[in-house]
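In what follows, subunit A forms one complex with subunit B and a second complex with subunit C.
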Partner chain A sequence: MAERSKPKVAVWKFASCDGCQLSLLDCEDELLAVAEEIQIANFPEASREVIEGPYDVSLVEGSVTTPHDRERIQMVRKSSKVLITIGACATAGGIQALRNFKDVKDFINTVYANPEFIDTLDQSTPIADHVKVDFELRGCPINKMQLVEVINAFLNSRKPNTPPHSTCIDCKLEGNVCVMVAQGTPCLGPVTHTGCGALCPTYNRGCYGCFGPKETPNTNSLSSWLKQSGANDDQMMRAFRGFNAWSEPFRKESESHD
Partner chain B sequence: MNAPVLIDTIGLGQLIKLLQKKGYQVMGPTVRDEAIVYDTLDSINDLPQGWTDEQEAGHYRIKKRDDNAYFGYVVGPHSWKKYLHPPRRRLWRAEQKDGEVDIIPESAESTRFAFLGVRSCELHAITIQDEVFIKGPHVDNDYRLRRENALIIAVNCTQSAPTCFCVSMNTGPKAESGYDLVLTEILENNIHHFLVQAGSEKGLELLGELDPRPAKESDISKAEKGIEQAAQQMSRSMKTDGIKELLFENLEHPRWDEVAERCLSCANCTMVCPTCFCSTVEDVTDITGDHAERWQRWDSCFTMDFSYLHGGSVRSSTKSRYRQWMTHKLASWIDQFGSSGCVGCGRCVTWCPVGIDITEEVRAIENAGSKTSTPSQGGKE
Partner chain C sequence: MPGPNRFEKKANLMTKKTRTIKVDYLARVEGEGALYLKIQDDQVVDVKLKIFEPPRFFEAFLQGRDFREAPDITARICGICPVAYQMSAVHAIENGLGIRVEGPLRELRRLLYCGEWIESHVLHIYMLHAPDFLGYQDAIQMAKDHKEIVQRGLQMKKAGNDIVAFLGGREIHPVNVRVGGFYKVFSKKELSSLTDKLKWARDAAWDTVLWTSQLDFPDFDRDYEFISLSHPDEYPFNEGRLISNKGLNIEASEYEDHFEEEHVAHSNALHSVLKERGAYFVGPMARFNLNFDRLSPLARESAREVGLNGACTNPFKSIVVRSIEVLYAFDEALRIIETYEKPERPFIEVENKEAEGHAFTEAPRGMLYHRYKIDGDGKILEANIIPPTSQNQKTIENDLWHYVPDHLDLTQEELTWQCEQAIRNYDPCISCATHFLKLNVERV
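Up next, the complex of A and B:
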């Protein structure tokens, strides 16, 4: 095929644990092929070399939690043709969005000896609350193969195969036995966006909802059923208040049990 | 086509060995992950001997039996469609070199499966998928080849689960046709053997190599009694008379809204259904873009992508998706393929994470009487 130019790719970190961007380095077999086809222009986890923007693609990890980051994301957007958010922090606010349900000042006063040095926002919010996002990749952490798929699809001008349906479909494609029906294990699979390859149910555990709500999630019906099966409100509140607690369907569901 | 004969448990073990010797991959029930699933059988020891299943809407548990029955369970989470119509399958590949694109078709699948333990409802389900994949104008050659190569050893049910309703669907519990051999397990006191009958030349040939004993009248009547017991135990039923009209006349029935409040649109019902056949295709490339593949995978009418046309999904509400699934399965299937798409196996009832029961949904619409109203405003749902 005709030689195509190498797109400039930048990786940005906001409030996050770095796990998602490390997925890129974790690609092992695929990493060399990816590195052949793209120019890593800014990726502090991998290299100190920084090439100036604008960038063809920006992969953004993390949520916005400080006034500084609120400004910085605007700069990232301005210097990026395509902005892709990776992971639950960037797409839903992450586990740190648990602050959104409480008064963050209480935490600061409890944790820090000199709270006056802390300059933080009341809420942890997803990138899409601040700038236009072109594509969101779910997961806590993201599935590295899905990340390769998204880069691959971008390079080849096609749609990425990252369907928004339930995790149950992937369980069934794998031939897994439903842990909820056959063992009575509470599982968020029926309301959770697929992408992990049904990792937990494959190992006989219920789904924790790391990939956030699926398309048209019916969280209310699932929690009603789980409550009939013995779960209490506190358990249901906690089940939906995980890495994607601030995504609207999970937030509303957890609040209804609070 | 022949007189029933008897084999004992040693004979059953020999049957598995014989099939393997003949080059079949023997697939059958086995215990895994707290369920009776279908997988490769190495020997008779892999069968779920002494196990049974307890089923209700949204509930499944395996339990120890107080006897050593090999087939003392009903149906589990898997169905034979995973072998005949696999969940994922590559359709073709393409290579690009020097500006030329080569399409490389997939070589035809040649695995020869022997399915051991196929229930009557499942035989009907296979016949229904034959209708879809082979009998129509567009033959799925991969399916056809797998199907033609497959040998089927049916087992008559001698018990039923509370989720079964094959009697009302006229699909069981006795296997009437579509098998090469059919077994009925007879287990009482110190007697443990199987009444066997061939349903094809291939089956007859197999039987000949097993050295069976002739069956007595009393054996036949014991087997019949077992099957009768399965039918008697069946507590669920589906209304089938006039079901097409009932559903078509009630497309705006309030019950659809009620079921949509419970339905998770998770697609479990369609995945476990032995007749649901929908699939989608996904195109993948390697990073360089010089190598592409097209894959088929199971899809479900419960996803948004399923009805995605330019501009959005046609069936965006859960109500419209549930209604699509149920009216297709029970009503428009009849026009399309000449029979109901439901075989009464009860899998959709058992494996629904919130226990939605298709028979109850039909009954609710029936009991509430016809409520024809104006069609919904298209895109709003």
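Up next, the complex of A and C:
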């Protein structure tokens, strides 16, 4: 296939740890084959080459935390036919959204160097707060096989096959013994979006919600359960205030314990 | 593609004038950085490695969290070396609580670290750094001419990822590390499922050492202060004293007496310097030079085979040293699996108590320091984290000050590319470097 006719894919980074875009390079078995099918037009972590837009698919990692990035995401949207956000930073503001709960003065008071050198917004916000997003892929980090599926789906103009059920259901499918029932370990599985295959319970620990809330999660009922098994408000607040703290359902639940 | 040796000096066509080298968005590094370099006549007058990656303020929001959350939270500073953050965090906290994790659990932590060194180093060798030496924009273009080599690199990287995914549950932000040990441990038989692939990869790592040693290197040796952990019996991962070739020899609790951080206008990352002597160098070359005799015999043999015997002072050759460390990590992983016995319990119980703890461990890119202060309820009162890239930043700039004057005869495109390559010698991880606290807030 001639270079020109291949779909152009770009990867954009906002405030993040780079983990989600690294998932692409972690597709060791698929990478060269995928690269045959697409043109990697802008992926600074992997290549010096920058090919001008417009792009057929843009993958966006990270959250918006600076005035400059607030402008840049508009430019990304304008130059992209399809915009897919990858990971908890991009879909929910990420762990850095913990700043959103603090009075920024708390931070300023701890400043000791030269604060005038740095520009930042007082909130870390998801990409969808700023521009239209065509698809959101969850996880901190995303599941790389889901990423391959989503890219494939968009390039073939079909709907990605990424189920919406809870991590709790995954556990049942895996045949795991429930860590809450068996060990009394707090677990966010019942309210967390699937995607990891119930990794944490498989490793003998409770889910900490890194794939974010599932659709219409009953966070309230989970909190009652946590309370019954001895959790205090601070523990419940922290349980919901993690990598997806700024997602609406988790935010509301954590605020009710604050 | 460039000629046989792209570093060879060409006829001196230099004319007196002002030149600037600018790279607005450094590629093939993790995170967001830029380079600005100004030359007047034949003098370099300004070098700035600019870091504009937005800070994420980890140390601020760690305050008030339970210390048991620190390994998972700090992992998110960097998706390339999450294990390093998890290891420095648990060791610092355990140091404060006065517990020591020994025996098979300690070995499993080394094994996990081997996996991370491999995936991070191989990513850098094959996908981020080698394309510079061979004149490609990226590894995918390189694969058009060198498919087998790129495939070998990808499969080696995968072998490292397999270790992390097996022990940790997934390659990026593994879920199995906790203060006191692991959530789940494996039988010897389960671990041995990794062996065949690792043996293949160890051979591939040997070939990688030979392959990288045949790349073209410019003559560029400097007198650096190398700093790394050093342990009497082993090549350092999680434990040891911090030493240098210029007389430093301290434990983690003394770290902040000897180092300080400078905040400079052009960088969102702090420059870390030695109070007494300024810039220093951490990472594979520092470890290699300071711990050569504690590499495995096989890794040492490979080094000698390519003419390195523990005194490498040319940062362009860091790609060879990284390859030797990859070989070591495969060798060490196989040793650990072979001698492993499943521990009785996956972790040591820990209890809340008022504490202050410090630790440094060797992240793929060099020493990573953590300090935590904890109250009697297990809440973190204070956290301090110094990643490798903030430590190397000044040395990277110094390299450019020295490198550029001897290469002014290059075209703009060539000189720019070589400056980028000189930066990539350090595998800088800019996401790591800018996790810190200081900020200027604008309301949304």
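Basically, the second predicted complex is superposed on the first by the 247 of 258 C-alpha atoms of A that agree within 3 Å, B and C clash if a C-alpha of one lies under 4 Å from a C-alpha of the other, contacts with A are read in each partner's own complex, and residues count from 1 in each chain.
In the analysis below, a residue touches a chain if its C-beta (ideal position, glycine included) is under 8 Å from a C-beta of that chain, and two chains touch if they have at least 3 such contacts.
Predicted model, so just to flag it, every value in this text is computed and none were measured.
> Fit or clash for subunit B plus subunit C once both are placed on subunit A?
Here the two partners, once superposed via subunit A, fit next to each other without clashing.
> First (subunit B), second (subunit C), both or neither: which does A:Gln74 touch?
A:Gln74 sits against neither subunit B nor subunit C.
> Who does A:Cys200 touch here: subunit B (first), subunit C (second), both, or neither?
In the superposition, A:Cys200 touches subunit C alone.
> So in the superposed three-chain picture, is A:Arg99 touching just subunit B, just subunit C, both, or none of them (first/second/both/neither)?
Touch status of A:Arg99: second partner only.
> Would you sort A:Thr120 into first (subunit B), second (subunit C), both or neither based on which partner it touches?
So A:Thr120 only meets subunit C here.
> Under the stated touch criterion, which partner chain does A:Pro141 make contact with: subunit B (first), subunit C (second), both, or neither?
second
> A:Cys17 contacts which: subunit B (first), subunit C (second), both, neither?
Only subunit C is touched by A:Cys17; subunit B is not.
> Determine, for the superposed model, which of the two partners subunit B and subunit C contacts more residues of subunit A.
Of the two chains, more subunit A residues are contacted by C.
> Just to confirm the geometry: in the superposition, how small does the C-alpha gap between subunit B and subunit C get, in angstrom?
Shortest inter-chain C-alpha distance (subunit B to subunit C): 11 Å.
> Where on subunit A do the contacts from subunit B and from subunit C line up?
Shared contact residues on subunit A (touching subunit B in one complex, subunit C in the other): 204.
> Of all residues in subunit A, which touch subunit B in the complex?
Checking each residue of subunit A against subunit B gives 1, 30, 33-34, 36-37, 148-149, 151-153, 155-156, 158, 161, 163-166, 168-169, 172-178, 180-183, 187, 189-191, 204, 215-218, 220-222, 224-225.
> Along subunit A, where are the residues that touch subunit C in the complex?
Going through subunit A, the ones touching subunit C are 13-23, 25-26, 28-29, 31-32, 35, 40, 43-49, 65-69, 94-96, 98-99, 102, 104, 106-108, 110-125, 140-141, 196, 199-200, 202-205, 208, 210, 238, 243.
> Can you list the residues on subunit C that touch subunit A in the complex?
25-32, 52-58, 60-61, 65-66, 69, 72-73, 76-80, 82, 119, 123, 127-128, 131, 137-141, 143, 147, 150-151, 154-155, 157-158, 161, 169-173, 175-176, 178, 183-184, 263-265, 267-268, 270, 346, 417, 420, 431, 437-444
> Okay, in this complex, where on subunit B does subunit A touch?
Residue list for subunit B touching subunit A: 32-35, 37, 58-62, 76-78, 82, 87-88, 96, 99, 261-268, 271-272, 282-290, 297-298, 300, 302-305, 316, 318, 350-355.
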